[in-house]
Structure formats: C-alpha cells, structure tokens
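Submitted below is the structure of interest, expressed as structure tokens.
A, B, C and D label the chains in the order they appear, each numbered from 1.
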Amino acid sequence: MISFINDYSEVAHPKVLENLALLSNEKNPGYSNDKHSKIATNLIKSKIDDNNAYVQILVIGTQTNLIAAAAFLRPHEALITVETGHVHDHEVGSIESTGHKCITVKGESGKITIDDLKRVCSDKYWGNAGILNIKPKMVYISQTTEVGTFYTKEELTQIRKFCDDYGLYLYCDGARLASALDCSDVTLKDLAKLCDAFYIGGTKNGALMGEAMVIINDKLKEDFFYIAKQRGGILSKGFLLGIQFETLMSNNLYEKIGEHQNKMANLLREGLKKLNIEIINESKTNQIFAIISNNILDKLRNKFAWETINTSDDSTEIRLVTSWSTKKEEVNSFINSISEYLENEVC
Amino acid sequence: MISFINDYSEVAHPKVLENLALLSNEKNPGYSNDKHSKIATNLIKSKIDDNNAYVQILVIGTQTNLIAAAAFLRPHEALITVETGHVHDHEVGSIESTGHKCITVKGESGKITIDDLKRVCSDKYWGNAGILNIKPKMVYISQTTEVGTFYTKEELTQIRKFCDDYGLYLYCDGARLASALDCSDVTLKDLAKLCDAFYIGGTKNGALMGEAMVIINDKLKEDFFYIAKQRGGILSKGFLLGIQFETLMSNNLYEKIGEHQNKMANLLREGLKKLNIEIINESKTNQIFAIISNNILDKLRNKFAWETINTSDDSTEIRLVTSWSTKKEEVNSFINSISEYLENEVC
Amino acid sequence: MISFINDYSEVAHPKVLENLALLSNEKNPGYSNDKHSKIATNLIKSKIDDNNAYVQILVIGTQTNLIAAAAFLRPHEALITVETGHVHDHEVGSIESTGHKCITVKGESGKITIDDLKRVCSDKYWGNAGILNIKPKMVYISQTTEVGTFYTKEELTQIRKFCDDYGLYLYCDGARLASALDCSDVTLKDLAKLCDAFYIGGTKNGALMGEAMVIINDKLKEDFFYIAKQRGGILSKGFLLGIQFETLMSNNLYEKIGEHQNKMANLLREGLKKLNIEIINESKTNQIFAIISNNILDKLRNKFAWETINTSDDSTEIRLVTSWSTKKEEVNSFINSISEYLENEVC
Amino acid sequence: MISFINDYSEVAHPKVLENLALLSNEKNPGYSNDKHSKIATNLIKSKIDDNNAYVQILVIGTQTNLIAAAAFLRPHEALITVETGHVHDHEVGSIESTGHKCITVKGESGKITIDDLKRVCSDKYWGNAGILNIKPKMVYISQTTEVGTFYTKEELTQIRKFCDDYGLYLYCDGARLASALDCSDVTLKDLAKLCDAFYIGGTKNGALMGEAMVIINDKLKEDFFYIAKQRGGILSKGFLLGIQFETLMSNNLYEKIGEHQNKMANLLREGLKKLNIEIINESKTNQIFAIISNNILDKLRNKFAWETINTSDDSTEIRLVTSWSTKKEEVNSFINSISEYLENEVC
C-alpha cells in the first residue's frame, strides 16, 4: 500500500532516530533545562536572526495553539481565523476550552484577507453594541494553510500593517512550515519580523513530535513556561524535543525536508495535470487537492491510500500529501496507474 | 424626550415596586429558600402544567445563558446559534468563557432553520475529521429573536423533532418572552413541552431584574443550583426575585405586559407603514426595525430617542422598542412628527 | 420572630426604596451609562480622594470576587486566602471556575498574617520545583472577615509592604465594609491607598443588591467592563445600582448604617458578656459568635432566629448578625430572655 | 557523573528504541487508529482482566490528570488530594485551569486517610453552608506517592468503600506504577477493581513518553477521546505511543522495569541504613528520601547527582531515584563513597 494520506504516518526521519539512539546513554536534566534544548533554541534564534526571541519546544499542534490562546489573550479577547483554520474545525473547541472565542471569517483559498479583518474589526459588523461585544485581538494564520496554499511576503506584510493599526497580535501556526519555507518567498527571518509569535512544526516534518514556539513580542514572553506547564505542554523529558530540533535545525535538515516534500508534490501535481485532472487551490506546497472520478478511485483503492474530502455521485475531491519519506517511484506508480485506467476507459 | 430605545430603561412596573415596598418589613431566609420564591416557582409550574419542572430565578440574561452552557454541556459540547443570537454577539464571549464553542449559522429573519441544523450536524460540513470536531449539542433560540421575529409552534415542533433525532437539547432564551406569548401561537405550556429548558425574562418585562430558568429535561436538573451559585447567579436576597416573579405571574400581569407592549408596537408599526416607511423583518412583537431618511431623523432627534442599527448617506435603519410604560400619546406623537416632516418635505 | 440570622434578610433600607420609587418614571440609558451611576462613581471617588480610581458597580459578592480573579490574574496566577475566606468555602469554587487556584493559609482570627504569606511565597514551602509551581499573585482579604474580626491600619500597612516586596496585588472584599469603617481605624481613603482594588458592599448594608468595585492600580483597570459583562456582572438596568449607591453614598447613609449595625451589635455583645456567655473572636463588628448552652437555645428557638456554626452535646456556637433594621428592643428582648432562663436554671 | 536525580533522565529503554527503529518504515493511520495502539489496548485489558475497560494512551502526566478532571467532573465538583499530591503542587494549577477545585488534606506519609476523607466530606468541616459549598467528587491518589510510599490493598479497599458510601470517584495517578506493582500487594487487576479510572505511567518507566489512561467506570467513558483531543492530549502520531506500550506490556517488560528499579533502590536503601543514615518515609519503592550531613554531600557533589528537598545548617534531605538504567555499580559507588567519607570523618 502506497500512502499519500498524511505527513505524520511514520515514526520519524532516520537522522532523528539515529541521534536519539546515539544519545540514549546520556542523562539529562528535566523540563527543557538540558543542553540539547539550549542548542536547539540557539539554532532557531540564529536562523531568525533574533537573539531576544523566546523559544520553547512543546509537544503537539493543538496543544501549542491552545497554550498560545491561554498565554497571549485576556479573557475577553478573541482570536480571528478563517473557517478552514485548524483551531476552528479540527481541535474540538480547544481555543474555546481556554475561554476564548474564535471569530471566523470566510477567507480566500484558505487565507485571511484584509477585507475579512476590516469586517470583524469594525463595530458595525460585529454587532452594534460597542462594549458588549467581544474584542478581536489575535489573528491566527497557518503557513501553509489547511487547503495547501501559502501566504506571500506581500500578503503577510499587509496583514502585519493591519494588526499594527488595530492593535492585534499576529500568530502563525507552522505545522507545515517546512513546505512553506521552500516554496514561498517568506523566510524564517521574515516570519520573525512580521509575527508576534509563530511555531516551527516538527511533527509533520520528520520529528517524532514537537513544535517549537517562537515568541518575538516581548509582551507575550512573560511566564509563558508556567502556562505551558499548566496545560500539559512541557515534557519532563524535554531533552527529547531538544535533541530532535537540534537535529532538524542542523545541516539544513528542516529545509531539505521541505524541499523534498514539495519536489514530490510537484511531481505528483504535474503528473495529475497532464492527465487533465482538476486541482483545487493549486499551489506549490506538499498538499494536493484533486477531483478524480469515482471509477478511477475504485481501481486505485487496493494499492494507494489518500484522504477523502468530499464525494459526489461521479467524482471525489481527495487530498494527497507528500512527506520526507515519499519516494519518486511511489508518485510515478500513482500517476501511471491513473494513466492506465484512463487509457482503458477511453478504449 | 420620548424614548423607544429599549424595554429596560425604567425602574420597574408600579405593581412590582408596590409589592417590594409592602413587604419591606418582612425578614426572609436567603438563597431562594423563602416563601415568595416558592410561590413564584409554583405559579410557573402551574402555568406550564408541569409539576416536575425545576425553576430557579437568576438575575441577568447573559448570566442565565452562561450558566445554562456551564450546567448543561460537557466540555466538548457546543451550542448552535444564529449569527444574530444574543449569546454570539452581545455577551463578550460569555459562552466561550465557560469553555464552550458557539457554532453560528446564518438563519432566516433571525430564526434558526432545519437546513442550518442539518448543515452543522453532518460530519461533512463541520470538517471531515469526525472525532476531531466539536460536538454540536444544544440549540439556542430566543423567543422573540434579536431582530424582532418569533418562532411559530410549527417551527418549534420541527426543531424539537430534529433535536430528538440528533440527540440535541433545545434551550430558549426568553428575555422578551412576554411579547412572544402575546403574538405567537406558542404558549408557555408549549415551550415546556418543546424545550429542554427555557427562561422567562423579567428584566425586559417589568421587573427590576430577574430571569426565571425553567428546566424540563430531568438530565439537566441535577445540581443546577450549585453551578448557578458558582457563577454568581444566586442572590443572597433571592426573595427579591421571588417577590417580583410572584407579582408578574399573578393576575396575568406578565401576559398583560406582553399585550400592552405589542399593542403599542402595532400602533407604531401601522403608523409607520401608512407613511410608507419600510419595516425590516416585519412581525407583531415589541421591536420594530425601520428605515427612515436621515433628514427626518435629524428633525426627530431633539424630541425622540431610538437605537441606530445601520446608517448610510441617505437613510438609517433604526430600532424602536415599546415597553410596559409606553403610552399611546408617545406613539402618536412620534408618528405625527414624521407625518408633519414628510408633508413639509413634499412642499 | 426576631431574627439575627443575617444582614441580608430584608428588601432594602427605606431611603433606597424611596429613591427608587421617586425615580420610577425616569428613563435611563443602559449598562451603567446613566447619570446616577456617574454620580455614585463620583461620590465614591470623592470619598476615597482618588479621582483616577475606576468604579464599576456589580451585582453580587460571589460574582464580584470571580470577576476580580478573571480580570486581574493571568492563568497561572493564584489568589491567597485564609481558610475561612468567602472565596474558599462559600462560593462553590467560583474562583477555580475562572481557572485560578486559591492557595489557603491558616490565618489568625480569620485574618491573614505576614507569616502565612511568607510561607506560601517561598519556594521551599510551596513545593521545591520552582517553575512547576503555581505563582501566588493576589492576596484576598475581607474587611470585616467571615469570623467578625477586622484588620487594623497597621496590619494592612504591613500586608501592603509584603505585597510590594513580592509583587502581589492586595484585593479586599468589602461585603461588610460599613461595619468595619465604623469600628476600625481604616478609612475608605486608607483602603484606596493600601489596596490595588476593593469593593464597597451594598447588599449587606441596606441596598437591594449591588457591590461597587473600586480599582486603584492602573494595571488592573483596562477593559474591566468587558470582563464584567462577559461574566454576567453588568446589569442592563445599571442605573438601578447607580441610584442605590447614589443613595448610600449621600448624606453619610453608608456610614450611619455601619454605625447602627455596630451599636446594636455592641449592645448585644455586652449583654451576653454580662451573662457570662463566651464570645469567640470578640470584636466590635456586627457579627457575634457566641457559645450558648443547648438548654437555653431550645427555649429561645420559638421567638428568635440565628445561624448555627457548630454544635456539641452541651452547647452550640451560634452567629448573631445585626443590620440597619435591628432594633434596640429586639436586642434587649434577646438578652432578657436569656437572662430569665439563666435565673430559672439556677433555681 | 552518576545521577540519582530522576527516573526520566534518559531517552528510553533500549527495547523501546529498538522497536521504534524496527517499525520506522511502516505507515500507520493517525490518532490512535493504528494496530499498535489496538494491541497495546488489548494487552492492558488482558492484564487487568476487564474487556470492557476503555484505554487511551495520552502523552504526559500533568496533561493526563487535567484531562481526567475535565472529562470526569462537572463544574461544581472538586478533586480531593493530599497536600503533597502532584496535582496540587507540581502542576501550576492544572486542575484549576479546567475550572475544578483541589481540596487538600494532610494525609499520612503522602497517603490520604479515611479520616481525611470524612473531614472534607462532612458539611460541618467544609463550611456550614450546605449548597453554597463545593461538592467533593473525585479522590485523587498516586501509586507510588510523591514521597515514595504506596497504598496497600487493604488501604485501597477502605478508600473504595468510602467512595462508594459517599458517591465519589477514585482516580489513581500511576506515574510510578511499575515500582508499586513490584513492591505492593496491589496488582493491576486490583487497581481495575478498586478504581474508577487510573493511568499506567510510561514516561518514568522506560518509555520516551506516554501514559495509558484506563477507565473502568462506564459513566466516565463517554466521549473521553473528544475531551482528550480538545486539551491537546491526543497525538496525531498516536501509533508512537501504541508501539511503546505494546513493548512495555509484552514479555513482562513493565514488571521487569519495576522490579529492577526497586532492586536498585533496596540496595541503595540498605546500604544507607547500614551507614546509619536516616531514611524518611521508608518504603520499598524506587524513591529514597534520606538525611545526609552537608559535609558529606559537599564531597559527593562532584561525582553524584540528586535532588535536594530541604536543607538546614548541618544536614540536608535529599531524594534519590533509581530507574530501569540504574546500575549496581553506580549504587555501590555511592554507598562506598559515603562510607569512605564517614571513616575519614571519624579519624
């Protein structure tokens, strides 16, 4: 079975496992006070060229996002997200469980727009009662988005400007940041300049697990560790996360993983397009949303795996994801199989 | 200044104040253990013909709604409301402050539709991740709605059926229930048959303050008092609320207040319509949403007060609300003033 | 039945009811934007001689305390209280419902001591894990305390000093502040100088209900109204609270109520002491805790009411509370009844 | 440096790392829907001889405990713990962050007693206001305790009986369960019979991380997964936890780890006792609390590591913990070093 279901289907990148095994006789202090966490932190600070940044590696994406809401927002402050945002429809109300509202906006191709923000930050739209309304405070974006698109530097710069004008924080969920860093014009340094906080995703980019929260805005740094610990986000064995990010941040491994994911995705995308298969929200990232006829999918099913998004009588929107482990041969096998079925169909 | 701004602009209905004054030498036990609270409770049970109902008078609407969410829902369960629902845009995120998500739907004329409910209760719409999604559990409606409409018995019956099919609770915010009881075909007994819980609003219907929560579904009754107390919803002087609801529920005072509100609103509505003024979401309740030219409003401003909903260069949508204290002469004065200005304008 | 059960057993002080009745034809804007709330606010600012204070009248004590916790503390910050503190054992976990821990200390005669504070603010006591522990942040006291004692100016000054040294807030629950202002050397101005925030209790001092939160520390003022509204603490008919505090704060009514409460309590206390009845935590406030033999109590029961604190085979600790409405004759009647029974017993 | 600081200082037991490496080419479905999680679940069910148990492997102890509070308790229900309980003083208020109070009791040698429970479950102790008080609902214990002791089967049986009588849940934190299973007379099957829920700790017993929540009481099972996901407790790569618990639960690895920890601890304990060093709360588990003179500790410091609990001018209470990796030679080296210093001191 060749799987394009997800980028979190395998244990970890071999280099990560190798380093964990190498260090298995080492004894480390707990709660991120170890040297590997410090090295990882310094590597990240150096990559973003900001020595004042606060870095804390947490475990899981949902947890990272809810800790951001708990730590950054006061009780009456809300987060703004597109409807397809992970915090809105894939986290069972994690943000609300910390007491904060998610204000949802439509967005375009999975991305929040300035018009979206204007609408919810004007009193007129968000009710007419002024002080009786929720206070929008933090813009949540993800890079790449849930629908496989990414923000350009120009788009992020405009959102940043809006946030400055309206006193909002900008927070970026980087669960799939490796892919975005490879195909967008937004670098890690740009993210650090444009966001108040963001996280560098490990789980979907070769780590066993781990998401490195990077806080730029001084106001948001104070006592972050306490709140992360309170919500169960701090591993006693924090050095495990330190070792992994030390590995990912060294020798450009993170960047190489992003590059490989996208290369495999492009191969897949171009192959599908040549076969006249419709791509939704086409982009250069490692997620492909394609509409394929049910006849073909029925024939692929015993050899390949994917995620179904939407299905109709004739065709189905599926999601294909590539990862650090995706092989060229696997992609070719998928394309060739469809090609064969299409030829047979024609006959 | 003649005010149509709201139905909570005055101290209280004279009968309420009279009874409070009459009983001012009485000493009563605290925390709703007094005879007036018991009498009020029994009057309500008798009106809804349900001796097993649990009744607890709370203080304020926002508080009542948030206590309902806290007491009725488990952490992963969400409330469904139309976008104009009070819990969504007039309570600064009160529901979320208890940890629960508000799922919003478009609605029609301020009312939730079966199509709305189908959409958010199907896995397909609300993300495609099954167990990763929020669990819709309680339908929030208000009678009357925030835009001045009301549900018919047929509409409520269909919503009830949907709730039964999908395992949802139906909860009704009755902040302006007196008006609805007068003009809709839904009686208090119907509400008690169709809802799992609802509240009978006092604040906007002649009381100083007070909202009587009525719980029908046995599952939702247990320890409600504890949770209400925890959230600051239980007055030590609970007898004050008891005396007021004893008053409102006696001699059909509540019903008479609803009737008067609607009578004055109808007078106002028909007067406006005769002057060809556009009414939005026309209904028979005590809230009127009308579009009036800015020229006219400028001239009315020094004599009358209203709430502005939306304004454009030419005209403005305003809200006019009648209350137990609104006088026929006040309504006529408003209509006549507009009429005069319109005649002058023509010349 | 003559009742010493509580100071919240009656509707309200006649002057409060009179003013509400007088203003019953007035229409007022909602949500504390009315002139009475402004006048009340200014009267309070003037009494505390601090024109920068932020004043917001809320409804109930439990609610006021939980809003203080929600608004003043970040998620990992805890409140410190004596074990007998209202927030710890009379509010069903209201503080915890906002996500904050109550750290409890023993105290002395219901009052927190510097030794208590030192113990919980040193790493050694509160676990030895530093960053893994809760962060003590707000000292909660009440004036008068739950056991009828009060803090002196010297005691409050020392607590303030400790708070300054350790970066803590000092918050005072003034549910029974009128009594304390009369018998302690702590004035309203002192409270405003020594506390970061405190509330002036209305409910137990002649109002129908209402507690005036006074915030002195600028850091704690921002957006307080939002959070109070979110938790259901803001009355749409806020002018009702404004009218009542305008009344209480005028013509020294609040001070007179405190004086009367204490005068009646002293009469009662001295009477009991003359009869050799043991007083617990003796003080000058309007709460008396006395140990009376069960034989006597059995005889008093059909004519007088009190609250039972603790009971043994022989005797019972009871609480007697005086209020604005307590009459000299009622006190004398109680003392005389005991005196008679005691004389008969001897024979 | 030989470390007795903790049992979570190393990457993982070699067998765990070996199995992760072996399976590194396998693709698994996400969110615990993989075969390894199923096998691990079945192994646990089989060990506790309860096929109806619900098992879900979570990531970290603090998280596991807070999810238990969130999922098992209604808002007004509190958890009871000894003062030294992990949830009380090592989790930054994690339980309170879910809205629930921790009622603390003194305990004896780190264990909750029936007298403790009686005190807080009687109205008289926990305030005298009945319905105004918190509702004690879940007894939290840990096996082994934070001070290195363990409950006997007789003690647990009595606590269970109390819980049955008072309608309480019994929940056991098994962070160090391997050690307890080896030295106490309480088996996994006993735990499953006596508790409503408990967790089998992985992090401190050879896993990278992972805690297997086992729910016995049917009432507590419903929708547990949702709430665990909402709080960030569900790994997308859940199979990582499945593989680890499959490993620990196979071939008695978990039992062997507990046996080894205790054997090393006993060696250490007996060695210290022979040198007349005082042991606090002596037990048979893998934590030793000993009082050693500061002179000796100063000499040990450059070769050995431990945790300091309390220190005075002369001596210090230290904690020594053994783990799956502790070697006999390391223990002997520690004992011998002390022995040498003691001999020198004498001279």
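Following the convention adopted for this analysis, contacts are C-beta pairs under 8 Å (C-beta built on N, C-alpha and C of every residue); 3 or more make two chains touch, one makes a residue touch a chain.
If you want to know which protein each chain is, UniProt gives these names: A, B, C, D = Aminotransferase class I/II-fold pyridoxal phosphate-dependent enzyme.
Bear in mind that the values here come from a model prediction, so they are computed numbers and not experimental data.
Taking the CA centroid of chain C as reference, the farthest chain centroid is that of A. Counted by C-beta pairs in contact, the busier of C-D and A-C is C-D.
Averaged Cα coordinates give chain A a centre that lies 51 Å from the centre of chain C. Once the centre of each chain is set as its mean CA position, chain A and chain D turn out to be 34 Å apart. Per-chain Cα centroids separate chain C from chain D by 42 Å. Among the residues of chain D, those touching two or more other chains are numbered 70, 75-76, 91-93, 97-99, 132, 135, 226-227, 229-230.
The touching residues of chain C, when paired with chain A in their complex, are 31, 70-71, 74-76, 98-99, 131-132, 135, 223, 225-227, 229-230.
Contact residues of chain B toward chain A in the complex are 75-76, 78, 89-93, 96-102, 104, 124, 126-129, 132-135, 307-310.
The part of chain B that touches chain C in the complex is made up of residues 1, 3, 5-6, 8-12, 14, 17, 20-21, 23-30, 59-64, 66-67, 70, 91-94, 97, 203-204, 208-209, 226-227, 229-237, 240, 243, 305.
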